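Several structures are given next for inspection.
Here come two complexes built around chain A, the first alongside chain B, the second alongside chain C.
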Partner chain A sequence: MRDLLTLPAVWVLAAVAAVFAALSPQFLTAGNLINVLIQSSAVGIVATGMTFVLLTAGIDLSVGSVMFLGAAVCGVLVGGGWPWWAGAVAMLAVGPACGLLHGLAITRLGLTPFVVTLSSLFVIRGLGLWVSRTRAMNLPDDFRQLATERVLGVPVPVWLFGVVLLASQWVVGRTRFGRHVLAVGHDAAAARKAGLDVGGVLVRVYLICGACAALGGLVALAQLSAVSPTFGRDREFDAIAAAVLGGASLFGGRGNVLPGVLVGAVTIQTVYNGLNLIDADPYSYPVITGGVVFLAVLADSLRNRLRGGRP
Partner chain B sequence: MTPRVELRDVGKQFAGVWVLRGVTLTVPPGAVLGLVGENGAGKSTLMNVLAGVHRPDAGTIRVDGADYAPRSPAEAAAAGIALVHQELNLFPNLSVGENLFLDRLPTKGAVPLRRVDRPRLRADAEEALAVVGLAVDPGRPVSGLSPGERQLVEVAKGLAAGARVLILDEPTTSLTRPEADRLFALVRQVRAAGKSVVYISHNLPDVLGLCDAVAVLRDGALVAHGPAGEFTEDRLITLMVGRQLDQVYPQRATGPTAEPLLELDRLTRPGAAPVSLTVHRGEVVGVAGLMGAGRTELARAVFGLDPVTAGDVRLGGELLAALTPAARIRKGLAFLTEDRRGDGLLMDAALTDEVSLAALPRHGPWLRPGRLRQAVAAAAIRVNLSQGRLDERTARTLSGGNQQKAVLAKWLLAGPRVLILDEPTRGVDVGARAEIYRTINELVKAGLGVLLISSEVEELLGMRDRILVMAGGAVRAEFRRPEFDREAILRAALAGRAA
Partner chain C sequence: MSGRLVLPAVALAAGLALLPGCGKSGEKPVTVGVAFETLQTEYWVASFETLKAELAAKNIKVLEAVADGDSNRQLEQVNTFITRGVDGIILVPKDGTAAMPMIEAANAANVPIVLYNRPPARKEGKAVAVVADNRSITRDTVKYLCELAKKTGKKQKAVLLMGDLADLNAIGRRDGFDDAVKEYPDAVEVVARVPTEWNQEKALAGLTNALQANPDVGLIFTSSDFLFPSVVSALKTRNLYHKAGEPGHVLLGGFDGDATAYQMLKDGYLDADGVQDMQFECMKSVESVLKLKAGEPVPDLIPDPGFVIHQGNLAELAPRMWGSKVKK
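Let's turn to the complex of A and B:
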């Protein structure tokens, strides 16, 4: 919990929440807060995968497109008569497959993660448009239950988010692989000299990121219960922003899942939610969200500089 | 007795240059071998070959009688060879225990829940740390340890991995004397346990006091190898230097004038002693010293790249203190860095663009490509860079010598009055060297002042008017023309280390 109070995003979140609580009486209702958490789940799950990649000093710009390709595949299969759960499984398979290709391109071909995932951002979205013929597709009601059903009083998306967070926290903090991720992120050359399988670590990290993107996509898809051609677009920026708000460094070796990603994702969703409640001009959303991210990152950087760490 | 390590005719080349030639060397079990040589003699390369970082291009290695050809540091570690790098290879964002066992963290639990066995890691780490006598909590992050403690963690890591051969590359550079003594006691203890140690250091008294045998490398070849008792400090220095002065240093007809150009008045960097020196018009002042003596740092401070806490820098009598590097360039200061590839050259830009870079501020806001090309061509002729059409070639396609000439041409275009050259001939072949030296002579004749930083004593002897020797961040000695003596220079450079 000491981590929680030293995370600048926590203070930013508190400030944002205070502002919206003052502006809108609905903001601090239990229903709305649960709502924020449900809405945070999709981006939060994607951001968790992104955190793994950021820890290795990499980046994955393609997660929004992976969400879309998975959704398109799912929509086509379910539209063609497959049961809803089979469509969901197919969607979940698309993510790791994309991640594996990223990992191999980065380690075997020696390309930089930025370039690999920037090109696949276009390629994967293009594949999705091709598969779906750019049609919008409605999904059966069964799908929507995934978003609305409650287990022990907690909505399914929140369950999924919680499980992903806890599992990832455990992997980073408690497993051999997690320690290797931190070592590779700090200095890949040193990790190689220390006898680690740097390539293997990187491939797995992109695999995890792809898998999280697909799962996050599934949660978002269930909430909409329709595949539109713009599904998942720009979500990579929400995911990166949430991870960075959560304390992940783009230079690798530093970042955390809990409480980091949880706070980061909730902060971003709180901004969207609050702006919606006070009926703000929709065109102002990106400006305000961007400003909040900037402030949080600035605060983090100042804190590191004061402690004499690297910026 | 089978030697622990047996190197036979080992050679290594980088970019067609042999940096290691025909090294044949043995290390018996339970012995400490001291490896000495000047900067660039090939000590670190040899050890990197042994530790699987580089693969040899010639020769064979045997460990305990078995063929040994590691393809990675991991394979070398598995064969019982542990290298403690000069710049330590620890991860400050991980704990001491995790660093010790990073490549084989103990785990427990069934497959989906397989996790690091923390109690066992702690117990193993405590045991490994006890071997080196270091009492720190294994759960502490390495970022909180002192340099001496980190060094011991590295040694503990190698020993815990079951190392039969421990290689220490300049282990004492960042240690205090008590920390170094503690390390030596540990090395003796390791030797008593029947393991072999290779100890690389510039600190010759340490080497002679600690090692059973000493090997001397010079220019990538082994020049001496024998029991430590056969060597004295003076003999080692003679062996390390003993090279004939090549005929590559052209005579300079002109001598220095009495007019000071660059003056440093008690210039002080954070944590270093004040440095005062003067470079006159038409003079080459050589700066000798070992790696880490503070020569590059001094040059960076003069150029305004690093902070200065006290003292003045004057160029032609004008105070530079408050100026940015860009403003200093305009005043006539030029700095050729030791790292051509890293920060001296745009490797993939057309040579015309590259060479004209430093001169752009003198050409006004709008470029006139024709005039620029003319200026570049003139500068290229001055440094004897004749590489066809300059606007078609990129620096990456040039040899090291021609790259250095391109950097020199770039700075000449900026119209400097004082040139600071940091290791200008590193990785440059003999022919191109001679041309660089000739260019320096012409510049000096035209009234420039040159501050020449070099690790090669011969180069300084061949080019200098005066030589300053730096050690530990301070100028320790100054040699004027008649009294040049390469052994005295090396002794002065080494003296700072023993202190």
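Let's turn to the complex of A and C:
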């Protein structure tokens, strides 16, 4: 709870929610709050994987493309007569495979994460377009069950988001691997001198990020029940914004999954949701959304400077 | 030259002479560069293939380039076309502003340039634009929907899914929508304008939120057919997806004429769709670039009047709807 209240994004989220609650009577209804959580799930899951990468002072610019390649493979298989669940499994396999390749390229070839994942952003999207032949593919209604089914009254996407958050928080906060991730992010050279397998940590971190990208993609795909050639485009920016809003540093070594990613993803979606509800001028969306993200990150940076830490 | 090399050299020379465009001695084949900003929608892929087929039918050599959304890369591609001595360029720029330096480069090299489907931001330099009349096609489509709304005898709440605000086509469609609904103040009330940035996930979230605020929405218009999966998903979640004529049917309209829209029309869920006449636009683009090369006059803007397809004229107009020919 203390962590929650010291996170500037929480106060920004509270302020945003207060404004929209005053402007729209629908905003604080249970149905709308569930809506916001469902809509935050896909980006939130991707942002969780991104947080692992950011903790090591890395970055993964390819997550949107990974979402698309997985969706394209799934669409082609399901369109070819495979059952929907087999398509979903294939989609989930694409993510870790891409992540593993990123990790190996970074650790074995000594390339920077920015260069590797920027290149693969194009390569993987190109593969997706190749696989799908740039066709829009509609998936059977069964696929939507993943998005519409409820367990104990809670929609499946929200369950998945919750499980990913809790599991990731446990890994980062309670396991040796989590401590190694933070150590590599603080100072990779020192971690290496201390005998840590830095390369092994990095490979696993990118593998986790790829897996989260595929799962987030699956959640988004289930809601749409269709694969379009633009699926997942620019999602890397939303994921990075959610992670940074949640307190992750682009310089590594600092950040958390809970409450960080949850607050970050929900804040971004709350702004979109509120603007839709009040039927705001469409031109105001990027200005207001960008302004809120900037305010939250500025507040976080100021707080860290006051504490004498890294911005 | 050794005897062993003479025979292959003669064969090679003979082969070259048989290549297309090399048959007439000394005559350089006409070459046109086709530069697309992206191939990431069915419309662009179908346009790219139709343009190439149109050029091939006239025995014109084609150089192809796709910039994957990068305007700087596209400028380099256009400069490369010019360096390679093309006789004309057909260009799909990312947006009207990005087209300006490419028009300038082509003008400086005296190479004719035609903009396909996206107009330049300013009337500077010499370029021909073959563009769907987004505003009028949308206006006609939405007017058709408004007439249907009027027949229900109840003022219908309407939602507009807007495209990218930097895209002149999206703005034209928004303006066409506004033109139409202004004429029906007693039949239609616009309750939400959702900016989608041409992104299906944003369209789904935005429409879901709009339906949350206005559960009794009776009319939805999407500025591009490729957002229909988002519309269908949002409606199904609220159990509002019904065929035309069934109780609870939400009036649906779109723009483009893609394969999903065609299927929805056939299945009875879609009421009307504004169709860009792709064949017309491709034919006019090729015709214009050749006329410019020959020094013949061509107007700066060639509008594609398009057409509105709906349940009443589906059988008649389906063969002209490009989405009806796309293999799924």
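Keep in mind that, in the parts below, the second predicted complex is superposed on the first by the 307 of 311 C-alpha atoms of A that agree within 3 Å, B and C clash if a C-alpha of one lies under 4 Å from a C-alpha of the other, contacts with A are read in each partner's own complex, and residues count from 1 in each chain.
The rule is simple: a residue touches a chain if its C-beta (ideal position, glycine included) is under 8 Å from a C-beta of that chain, and two chains touch if they have at least 3 such contacts.
Everything quoted here is computed from the prediction, not taken from an experiment.
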| item | value |
| --- | --- |
| Contact breadth on chain A, by residue count: chain C or chain B | C |
| Contacts of A:V198 with chain B and chain C, given as first, second, both or neither | neither |
| Partner chain in contact with A:N138 - chain B first, chain C second, else both or neither | second |
| Touched partner set for A:Y272, first chain B, second chain C, both or neither | second |
| Which of chain B and chain C A:G253 touches, first, second, both or neither | first |
| Shared contact residues on chain A - chain B and chain C | none |
| Footprint of chain C on chain A - complex, ascending | 24, 26, 29, 31-32, 35, 39, 42, 122, 126, 129, 133-138, 141, 144, 147-148, 220, 223-226, 228-231, 233-235, 269, 272-273, 276-277, 279, 282-283, 285 |
| In the complex with chain A, residue positions of chain C that touch it | 39-42, 44-45, 68, 162, 165, 191-195, 197-202, 204-206, 208-210, 212-213, 226, 229-230, 232-233, 236-237, 258-260, 326, 328 |
| Residues of chain A defined as touching chain B within the complex | 170, 174-176, 179-180, 182-183, 186-187, 190-196, 253-254 |
| Contacting residues of chain B [partner chain A, same complex] | 53, 72-74, 77, 85, 89-94, 98, 102-103, 105, 107, 114-116, 118 |
